[in-house]
């Protein structure tokens, strides 16, 4: 039985299953919740299956259509992809459960197909090793995300969606331009083949510039974050959760892959720029978050700040490769869990009081304890307090920074943590006080509260799971190519 | 040879300049309607360029989709925008917004914006010029494996066999766009009481023709320029015409049957994918012997779906929800 | 008596008052405790009589920092004095405070102080002694401020301040001593201290620390203030017993017997001599008999200080001097106690009663003045014989000084008796039985002390030297009569109680005011600074806020796209430049 | 310089033109037009450079462009629908940049 | 499976699990909550007792879980840990009883007790952590668990206090983390070892190590309220009395002080630290804190604020003892962990009783309160004398050992700091006692509540009396084998001093 399970090509299932689910949901809107949850369950199991396979056999290759590299499209899974897929499935399951309670009938009819398309896109993106195919998945991802944002229906949501759509399309086109240049330089679209051939030529520089800019735009790195807060803050909460937790990470993942696979011989000098932008993102995003008066805007800006951390790894990877990358992936996944939880919590607040004005949270610590607990636990991870995934990530990142004497970055990391604490506890503080004018309240379904709390607990639990996850990440040694010259592991 | 080459240069140069000029005009002429028309013209000129670039498949797709359908979509959107303004009793609205657009232009800043763009253009141009002047890309590999692909048109082979996975996702994108639009819950536009008789006549005449063309394109796609997308878009154009003529899908068909049609393309792909996997092969690995059949089936369903989706995209609102919303 | 029983008895003596205190705090035990409280010192008294001093020494390694309790000969004398006086004062207090609440409050502090006092006497190691001393000192605060009026509060303030200072000095002294000698028992410390590095520091700190309690001149200011305001039984124990605790401290800690300390000896002799006369001179001017008695105590304690100084100069004679000091302390304690208790019953009563009380007062007064057949005479003889051991200049000079002091004391007593004469203003309570009989017991003790204890004293001390002891009294009497005839006392303004403290207070008041003013200015400045800081922070916040509004610029579509282009270009350019 | 390069340069020009228009126009329809023209530019570069050969050009870019065109039309349709919706709600077919000022 | 490997974890669980269950309880389930609370703390005490016995007889209790490659989560019960653990366990029980009484009938009790237990778990974790990263983990957890307690009342002032508290502690935590990572990059280990693990590093690292020391102390100093990092503490007085008691006596402040002990002894090693020249400045800072905070305390009229400044002063004794760098002083410093805890918690309990029973918050309102609440005030008095350092209270033992240690280490200036501190302590505490015992009570108390025959509820009365007796008792039997002092000597011995 076990052997049989290992023969199933889980990676393919991961792509096709949500697509089938999406179609099914589209066809039979009456049963979307059941269909969706079954799909998510299947996806989750498939990730587990893929993980088992990877642990057994190492890297996963799949030549789609039986056509090998330059001609056909390759599916590829290593530890990095696996972890991203895993976190996607995890967040996906939680958001799905949350969504079943959050949306009413007609909303969930519209939500499910789009969300499953999004899931398809994410899984396909994490598994693809072909840069044009990646472009298609990016588009699929972008369009489904935009459509999800637009579900909100209000003025803000539509504006946010539009902004997001335009930015996303621009980003995709920039990426595609890079693909064109790369293809015509090396005659291949396969990441592995490109990585063998790539060298420093003007065409590659331009491709690097365009693709990085496109992906930075999609990742919303400062100062390209303009689309993120309006889109993430105005969408329905489960959707915000998905966008902030997963979608942004997908483009970051792609950028990381490109760097690790293709651009590492030439990108050393750009790493500094990424570092600077990362630093500015942390500071600027945090300060902006601190200024916000609404919870969801605050959380959205917190995403802007947290993205900054991810980019600190680029300058650090020169000297402390694996540590820095591990740190960043850890930060990314814990951010995914925590941010999703936080948006769900924000959704609960919205549902409860009908608003998310921070100053009027009106004793929610008592009235919605689970939600506030979720918010707080997620916040703990952002701040980087132990024990949490954020702590482990930040620890590794700090370690990488200090190993190379990058004091500036180390200081910013600590400072970012403190700023994060300030904005997180701004919300929590008001959750303990009474509002000046009480508002009417609605009950929040238990499922919504628990989904948020469990996810946030997951972010905390990640603090203890490093010995499990770091070896997973090492499958296929995705970071070896760019782990720097000297490996200083104490 | 020289003269021919010079002529070619002249033609290509003219097309290039024309493209740039049309794009410029389409983007910066003050009237929106004119801009859209210019954009359609631009699409047609692009078709020409594709032809010059020896890519008839692309040219077909461009004329049907890039210029045709996009143009139709743009025009109908423009009309709806205007209709909205008119409904709201703001006839001068468009003009106002145009003027506002003019006003918000700040030449100085915009000039400043243009500088890095120019630099980028220079950089890109430099990058392109640095490429090796001769490269065959993957054509050799494609040619080598063409026999096993089941079709003789290399583009179709790439689309539906070598990179069929891309196509699968692409049809998914199309479907997704439609679902996305439907989920916006846009109100159907008011049905015209009496369709324009000329249009009606035209429709009646053109629809069978388009059907035929579509079928031909589909069939020919296996070995000559053409294929599912082109066929689908032509068929879709027929649908657009019907819609313009005021025809609506009967409600009995607007529900599940329509949806099944819409998803047929993707579904067939998935079914094929699953079948190939069950057969122990790679995903979407067609056995060479049955490849042409499989591709044909795929193309038929894809054509149907693409046509339905494109027509539905044009309609914009959900046909089966028109009463509810 | 076997030693464990003895130690048990001793311990009981110390703990019994504590137990009673505890009982007093419980509602259930209160009435019983109130009945038992007057007799709280009884176990100690019994122990004192039953125990043979030499064989009582017991280590309690677990207590505090490792304690040792025991009783030596000196200790026994002190214990005897204390136990007796505490008992008498306790019984006296029962009638002195007719209201039960007041009484239980009094007994609370009274018994705590008592326990401390017994504790320090039986303590054979430094920390336990310090514990007893502390307990006694702080509990006595309750006795000093018992009346709760303004004068009492003032006295309490001065008292507690000096107590704290003294405690801390002692703390440092003990710390230094223990650190220098590495032991905590007195006997070992004393011996080890001889060669200790900072011996002089330790002596200085111990001298001052205990000196505050003893009331050495300069450190005496609390004494007249406190004694005059405390209730009579409290004054009696304060003056009779607690002052002696300081003396005991000196005897226990200072390395007198084994080494000649010429500087310290001379210093103490001089200081003691000055105290002896200073107390009399200020005391004579007083109109409040209790204040006068306080000054008398200062004077008498001066003599003891002098005694100790002599011992420092003549360690070879310490075995003679030590019992003499003990006896002197006993004598003074009993007499002073009797005087204070007597002053407490000079209330507005029938003339005959007042006469009887006055006669009663004459006895301890005479004893203090060293009249023949009194303990005073014995004490004085002892002093006179001891000073002979002092080295050259002192041996000739001190007898004269002592004679003069005797005259002075006699004069002071005469003044006291004049102030308390039956015709004078009534003072204190009406002499009821409950007050009178404990007093009578004490008087009896004063009367009997020479006969009872004389046997244990050196031979020549017991000799009756009629002339020698009588002439100062006669002289004083003469002077008194003359002074009374000349009526100078009426024109004499009394030196305010607390003498130099009042001076110091007056001198410091302007300084204090000035300091306050400067402090106010400082506060004002800091407020201004804070406001300025606040404004600065505000300004920074405003600047930050305006910077943060730049965010709108980032969200402007056109600018955002501009950034995209710039970044794309930037990345390309950076790789380009990195190439060269 | 070959025809391929010529068209590639035209493609670059179209792309940059599109970016510029996307940047400065407020009206959403213009932005959508601009994106389409950008897309055309990219497609042109992609396809033109495939023609750097004497024999039949590389079919893979052609396939990619066809895919790209379909994706572009999907995106355009979604964008237009979104624009219409925004217009219906706000009465303006523009982003809310101005409101935030 | 070896029980000893899991006992430390079990110990934490014994307080954590009741806490987590309590979170889920409905507000009105008082009895169940009380049972959970008390049974948790009793089990905790039993476990601690068992481990005390074991450690005394040389057994090892260590839980080790992997956290990061090369870094484990280590919970180890050594003598030093157990000193702190015991203190926490005992005071947790008492404070729980007190809190049950104190919060009777007030809202949000489930939340309160939940975080309360969490707080204790974190404290125990801090105590038992066997390396710096574990310490950091629990240290931050403590910050988080206390925040809801500080803002418990939900007033604007409470929120503000919470904000300031976090601002200080999280910045401190940031510094701590920074320094810890830095240290890790230098050494590759963070395991607490007697005599430290840094001597092996070469001379070229000395400046870095000095910097790390400064950062660590700054990080820990925030919680230990070293001047000028003390600003949060007086503000945090807004919290309910049991919280203040816990904050000051056991949890937060002590965690900082305990951390300093750990850093000096088990990370740097006292000899190495002295060699680096960092202990002397630390001692000066501690001395300055002791004196300055006492000065500030003089000017406070709010009772709890005065106590807060007193805490700042007293906790620095621990730092001082550690920084003096001698075995005696170390014993003094370490034992003050316990002593200060007992004494200060007494004072806070009493302050809480005054507030809860009579509505008294200010010192100027305390006239004659000794007659109304004699037992409470008796406990208060003992606490005060402990603070002053009068024998036989615990405070005396501390001062004695600190003084001896200072002399032993040839740093006699410390004596004057001790004297000055005692003097100031007397100056700001004795007037309170005077008011309490010797002034006339007013006609009406600000806000009197009646508790029947007793002066106040027995749950409020019992804990301060017990702690006061303990404060008295540990001083009285200091030289026995069961006293904290004896245990501190054991620590000094095992640390190889």
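Note that the chains are named A, B, C, D and E in the order they appear, and that numbering of residues resets to 1 at the start of each chain.
Quick note on the criterion: contacts are C-beta pairs under 8 Å (C-beta built on N, C-alpha and C of every residue); 3 or more make two chains touch, one makes a residue touch a chain.
As the structure is a computational prediction, the values presented were derived from the model and not from experiment.
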- Enter the minimum step count from subunit D to subunit E; a value of 1 means the two chains touch. 2
- Query: For which pair of chains is the number of C-beta contacts greatest?
  - Reply: B-D
- Task: With chain centres defined as mean CA positions, report which chain is farthest from subunit A.
- Result: C
- Please indicate the chain closest to the centre of the assembly, with centres calculated from CA atoms only. E
- Which chain has its C-alpha centroid at the greatest distance from the C-alpha centroid of subunit D? C
- Whole-Å gap separating subunit A and subunit C, where each centre is the average of the chain's CA atoms: 77
- Message: Counting only Cα atoms for the centres, state how far subunit B is from subunit C in Å.
- Response: 107
- Message: Taking the mean of the C-alpha atoms as each chain's centre, how many Å separate subunit A from subunit B?
- Response: 31
- Message: Centroid from C-alpha atoms only, then distance subunit B to subunit E, rounded to Å. What do you get?
- Response: 72
- Query: For subunit D, what residues touch not just one other chain but two or more?
  - Reply: 15, 19, 22-24, 26, 45, 49-50, 52, 60-61, 64, 67, 71, 74-75, 78, 82-83, 85, 95
- Task: Can you tell me which residues of subunit C touch two or more of the remaining chains?
- Result: 555-558, 561-562, 565, 568-569, 572-573
- What are the residues of subunit B that contact at least two other chains? 113, 117, 120, 123-124, 128, 131, 135-138, 142, 162-163, 166, 170, 173, 176-177, 180-181, 184
- Task: Could you list each pair of chains that touch one another?
- Result: A-B, A-C, A-D, A-E, B-C, B-D, C-D, C-E
- Residue set of subunit E touching subunit A in the complex reads 23, 65-70, 73, 107-108, 111, 133, 136-138, 140-141, 143-144, 147-148, 151-152, 154-156, 158-159, 162-163, 166-167, 170-171, 173-175, 177-178, 181-182, 184-185, 187-189
- Message: Which residues of subunit C touch subunit E once you look at their complex with the stated criterion?
- Response: 25, 61-67, 127, 130-131, 134, 138, 142, 145, 148, 153, 156, 160, 164-165, 167-168, 171-172, 175-176, 178-179
- In the complex formed with subunit B, which residues of subunit A make contact? 9, 12, 16, 19-20, 23, 26-27, 62-67, 70-73, 75, 110-111, 113-114, 117, 120, 124, 132-133, 136-137, 139-140, 143-144, 146-147, 150-151, 153, 177, 181, 183-185, 187-188, 201-203, 205-207, 209
- Query: Which part of subunit C faces subunit A closely enough to touch in the complex?
  - Reply: 544-545, 548, 551, 554-557, 560-561, 563-565, 567-579
- Message: Help me check something: in the complex, which residues belonging to subunit C touch subunit B?
- Response: 558, 562, 565-566, 568-569, 572-573
